[in-house]
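What follows is a pair of complexes built around chain A, which joins chain B in one and chain C in the other.
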Partner chain A sequence: MTEISGVPDATSHRPAGRVRAAVSRVRSAFGSATSRVRSVTTSLEIDTRLLGMLLALAVIWILFHWRSNGNFITPRNLWNLSVQSASIAIMATGMVLVIVSRNIDLSVGSLLGFLGYTMAMVQAEWIPQTLGLGFDQPYTWIVALAVGIGLGALIGGLHGALVAYGGVPSFVVTLGGFLIWRGLIFWYAQGQTIAPLDSSFALLGGGPIGSLGDRWSWIVALIACAGIVYTLIANRRRKRRYGFQTRPRWAEILVGAVFCVAVLAAVWVANSYPWPPALASQYAADHGITEPPGGLRIATGIAFPVLILAGVALVMTVIATRRRFGRYVFAIGGNPEAAVLGGINVRRTIMLTFVLMGVLVAISAAITSARLNGAVTNLGVQNELDVIAAAVIGGTSFAGGIGTIAGAVLGAVVMQSLRSGMLLLLVDSPTQDIVVGIVLVAAVGLDALLRRRAS
Partner chain B sequence: MRIRRAAALLGAVAVIVGACSSPGASGSGGATGCKVGVSWNNYQEERWAKWDEPAIKAALAAAGAEYISNDAKSSAETQASNVENLITQGAKVVIILAQDGEAIKPAAASAIANGVPVIAYDRLIEDPKALYITFDNVLVGKLQAEAVLKVVSEGNFVIIKGNKADANADFLRAGYVQAGVPEVGQNSDKIKIVGESYTDNWDPGKAQTSMEQFLTANNNDVDAVLSENDGMAGGVVAALKAQGLAGKVPVSGQDGDAAALNRVALGEQTVDVWKDSRELGKAAGQAAAQLCSNKDIKAVSGVGQFKSPGGNDMTSILLTPQAITKDNLNVVLDAGWIDKAKLCQNVAAGSVAACN
Partner chain C sequence: MTAPAPAHSAPLVEMRDIRVSFGGVRAVDDVTLDLHAGEVVGVVGGNGAGKSTLMKTLSGAQRPDSGEILIDGRVASITNPRDAKAVGIETIYQTLALADNVDAPANLFLGRELTTALGILDDSAMEDATRKVMGRLNPHFKRFKTPVRSLSGGQRQSVAIARAVHFNARILIMDEPTAALGPAETAQVRDLIRQLKAEGIGIFLISHDIHDVFDLSDRIAVMYHGRIVGIVDKAKVTTDEVLGMIILGKRPEEVTQEELAELHG
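Up next, the complex of A and B:
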């Protein structure tokens, strides 16, 4: 059995759905006090592990808020946190599929450096200087991004082909990649820092200017809400049509309301963070606006990297739970022999997970280099460890077949919360590493313990 | 099976080695034929291949000595065996750019015991029998702090330090104290340290995150930033820019990176302490050539005594760094360190003398 979060009918195209309905009927027949709580979660069809992670995150946030004299749960810090988590979270969504299919990708940090450096070369050296077209052309950022994503897919495909068709273990292939891609950076420009980047490209990194502003943030929130409601209704109809059990109506409405409120609250927080006064007065001066007393207040809204993360997480969730490719990945991870015998093209599927990983690394590379407004040789060093840790804290199992996209994103946010929070408390980097290491092992250990109990 | 794998490996190695041409070296002079081995800790960083290596090579060639090298790729373990490899290859003098000044000690001591003099290049190896050649890093820190204090002499200071395992991070910090910045964990009447952090791998991205959090914790009430190098200064300036503070808060750096010198011209970075790596490479190459004929490190010209943090009296050659600010950017231009187009990119006409 595969495990998928928050998507009620993920297994509905299989006969297993009926078995599950029977199981839940048996379970509800127990009717004891403890199972009443369980029956509520069952009828809501909530992933209890994700709920547990959200609770853990809440505890971390509250502790930091208390210890930092009210500096953690503020619009500004949460906005920072969202931007700081974005790059790792985006890569972690791809790492979930790689690990679920019983592989690993150790090259993501080096690849991020290589792709970030390549994109920087395209926009700061090759287009403006080698081709002599000049800086800050309107098409520069698109070309750079396209080159990065294309190259990422190609390199991911190379890794994947070696793993799937060449029969070399993914650990070895990507360990090689880890060395090679970092080494190739040096060949570009003897390790020089490439800066500054194209001014449009730099917006991908966020910052008050690289954000949506309040109006567009609200529009995005409303579209997201409409999407949630539509998905819930469509799912319910489809289940009914095939005769599967559905949530009670109250549960359906509650789930929709909770998700909608969460989205609106997140946008409200992002909009509560005003532009820094210095930037706002500069903007006022540039646009000939007379500043009102107390300064001009411009809402920042959702930062571009966070918007990209939301889009990636959505697409990846659909791929993982609704597309044949994604279901194949989980089937391969759950039982490779059965997957082959079941007629799944295992090799092609494995290769495609690495292509996807390469594309996501390219997106993260764009965000990281844009955020720094430059490419340096140690861009993305050790990111592979953060990405794998995020996926694992998020409930992805190294045994294969188990993992969720939402969990991986949450895992990334948990890790960055720890680091950013400790920085606020002036805890130095060695201690940060120790704490993150302990949390990593404890989270996975606790998860294994609970799973053993449950079975 | 095993034989087949070995054959495949041999084939692969043959192809790769064939693809890389190996330059032969020959020369004439005082140290004719003497092989000098250089163990780089991480050849991928900007400066080594571009500036240090050619300068060492030139100094050795002038003396008729031969240059061999290898790269430890940031691994202290690899570097220990690399040093042995250089000696096996016939090196009579070894120059070590240490990844980890502590971990390399046994390898250095064994080289010295076998009659191969060791030059600790740029980074300290705590062995009094090794010759330490570096820029005065405490002085680098002092120059950084002095340049920043000249702009803002009191208020809230943030200190972004380098990698904890690198002794230079602490030398630089000691230099700050010499210039009047309080010690770690202390404040003075004028200066309050509101944020201080080491940075893993001197990573600019991590420095940026640190700076963002320090600005958040202090509600932007930060008056000056002491960043120990240029890469991290880039992260700091990016964080300041996001708050509209770039150019308003003084920031320090070192290394003379092209991007950083451009920031100095733009006014976003206050000072870039420049250590002309070519001088360092030249000094090391000349010292190595002298050691080829006389193994006594005290007999090398220009040496002095240096009290190390570990309490050792090191025989050392300390070169003087130079603080580059907006007012003397012509120094790096005249030295051919950077070209004008790079230095003056996006600089408003007439705002900087060196760009006119």
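Up next, the complex of A and C:
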């Protein structure tokens, strides 16, 4: 009896033993907690990487909110953030596919400037003056946009053809493009600013009138929610038909609810941002509305650039994950030889990633120039770095084969949050660059570390 | 075992005077080789003998500089892997040729994805088909949703084999199909080869394991420095004679006593 009870006594008197026991107790508690978290995330089928990014974004927002005395998480600032992120985010979705297939596009900033300039010339010079058709024709904006997108596809195709069929490394081709397209802007107009733009085209840049307003924003939100529910149900049905395992019902409902609430919350925030009082008064005067005391309150709603981004992100996600083309892009990034032996037309696929990139640059060029209501010679300068950084912060791997569209969009929002937050705190631009640089390297370093742990 | 197919029917595959050069080196030098339905032809030789390159001309991965390939007695134009698959040639590459970052169904259907009417990838249908074929080949295989990077060597090999047999191949090229496998899995692959042969599929088997080749082949083609040394009926030769052909590059009757002594010394 004494002997038996003496054994644990003896060890518990030894401090090292007690510490070790405590450590192992904590470790096992921690272990079971992480395994519980893991089992929840697996039954929800959530991408833990994206979840981590969302958490990082939340931390960034809260920190800036705190440091700026409550000026960061406000409808006004978040609305601006969404508009400022749109252009980079749109291009980042294309950069994901380019990087996934083991290429790079350094030309997007210069190409954005060139295409923005071209579209500005179409609407401010060529249609109204050279052709003598006059300003602000109803078709002007669509012609300008079509010219921009067509030219973007063509130039992207040229880059892609040189890479895929010409055998010139994409780094070199697009470094050349970086110099050439920026240089061509000066040939156009000797460095003159082209402004103002067509009044309909300018709406693409956002701003109070370039937004949906509250009613249409809610309608878009409801359509999005219906789409989310439909997608979840359709996926579940399809898996059921083959007798595959599906998420538990509670998980399915939770996922749907979280996405829908997120959409509704975003729209609510956008609708909580009213037009500036002066503009609202102007509107009231123009439409013969008598202003109520305290001024007319008009909800801004989702800005057009953000709506365009949502559409682009959706289409690009379908292309990347649900179409043959996207599957081939990822297969090429994973093992180019296997892709060739599988009968995939690797050259054509690579070329098309650059065509897609060119189209997306054109869309971003329209948004950026419309936002400025004009084209300036440094339009899009350094954008290539922001776009690549957004894709990489969003989890795109330079080794190829890994990346997500949603990650790239989030990456763009993270980048823009850092920049606009620091601007709010009056941090000077060189310091901003330093911080963004550190975050970029740290994010990728952390990711590499976690990936190595996981494998 | 089964006797070779009667001589009057056209062979399933006839490779005539195939030549492939890399720079000044003739990797494959005027090789002529045929294969009948339900026959296993072993292709053996040392490193750099040209076995894999020869087989790549048949699988569409390597264009020959000259020569022609006949399938069912008709000249086939095989300029890329897609052409080869169109005439029923499937290949298990030594490197496995898997895209590591995507899952088993995506690899199985790589280049031949199933889609819905709207051109959307039908991942569920592909997973279902993969589950069925894997149920036959490797019933223990359960990881259909993970990138093949995280699978074991044997599991990866079974994905590569599943890809080759799923599409009703008539001609199968197996380049070192058991290289990454343990004894139990190797036995499984041997059984599979016998089963496929019984189904009338013609198989080219490349292996450096002379026992594998002797066990499974009807005929053995020995290559040496890009040339065929000889194509022998397995029943009429010994492993020593075939080893002599691989190492010396000469037919048994051409080998001198001194060379033989050196080989054994």
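Please note the rule applied: the second predicted complex is superposed on the first by the 421 of 455 C-alpha atoms of A that agree within 3 Å, B and C clash if a C-alpha of one lies under 4 Å from a C-alpha of the other, contacts with A are read in each partner's own complex, and residues count from 1 in each chain.
One rule holds for everything that comes next: a residue touches a chain if its C-beta (ideal position, glycine included) is under 8 Å from a C-beta of that chain, and two chains touch if they have at least 3 such contacts.
Remember, it's a predicted structure, so these values are computed and weren't measured experimentally.
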Chain B versus chain C as contact partner of A:R348, first or second or both or neither: neither
Touched partner set for A:I185, first chain B, second chain C, both or neither: first
Contacts of A:R451 with chain B and chain C, given as first, second, both or neither: neither
Touched partner set for A:G401, first chain B, second chain C, both or neither: second
Chain B versus chain C as contact partner of A:L379, first or second or both or neither: first
First, second, both or neither for A:P196, with chain B first and chain C second: first
Residue contacts on chain A - larger count, chain B or chain C: B
Chain B versus chain C as contact partner of A:K239, first or second or both or neither: second
In the complex, chain C residues that touch chain A: 59-61, 80-82, 85, 91, 93, 95-102, 106-107, 110-113, 115, 119-121, 124-125, 127-128, 149-150
Sites on chain B touched by chain A in the complex: 43-47, 49-50, 73, 164, 195-206, 208-210, 212-214, 216-217, 220, 230-231, 234-235, 238, 241-245, 248, 257-260, 262, 345-346
Chain A - residues contacting chain C, complex: 238-239, 241-242, 244, 318, 321-324, 327-328, 330-331, 333-335, 337-344, 401-402, 455
Touch list for chain A against partner chain B, complex: 68, 71, 74, 76-77, 80, 84, 135, 179, 182-183, 185-186, 190-196, 206-208, 275-282, 368, 371-374, 376-382, 419-420, 423-424, 426, 428-430, 433
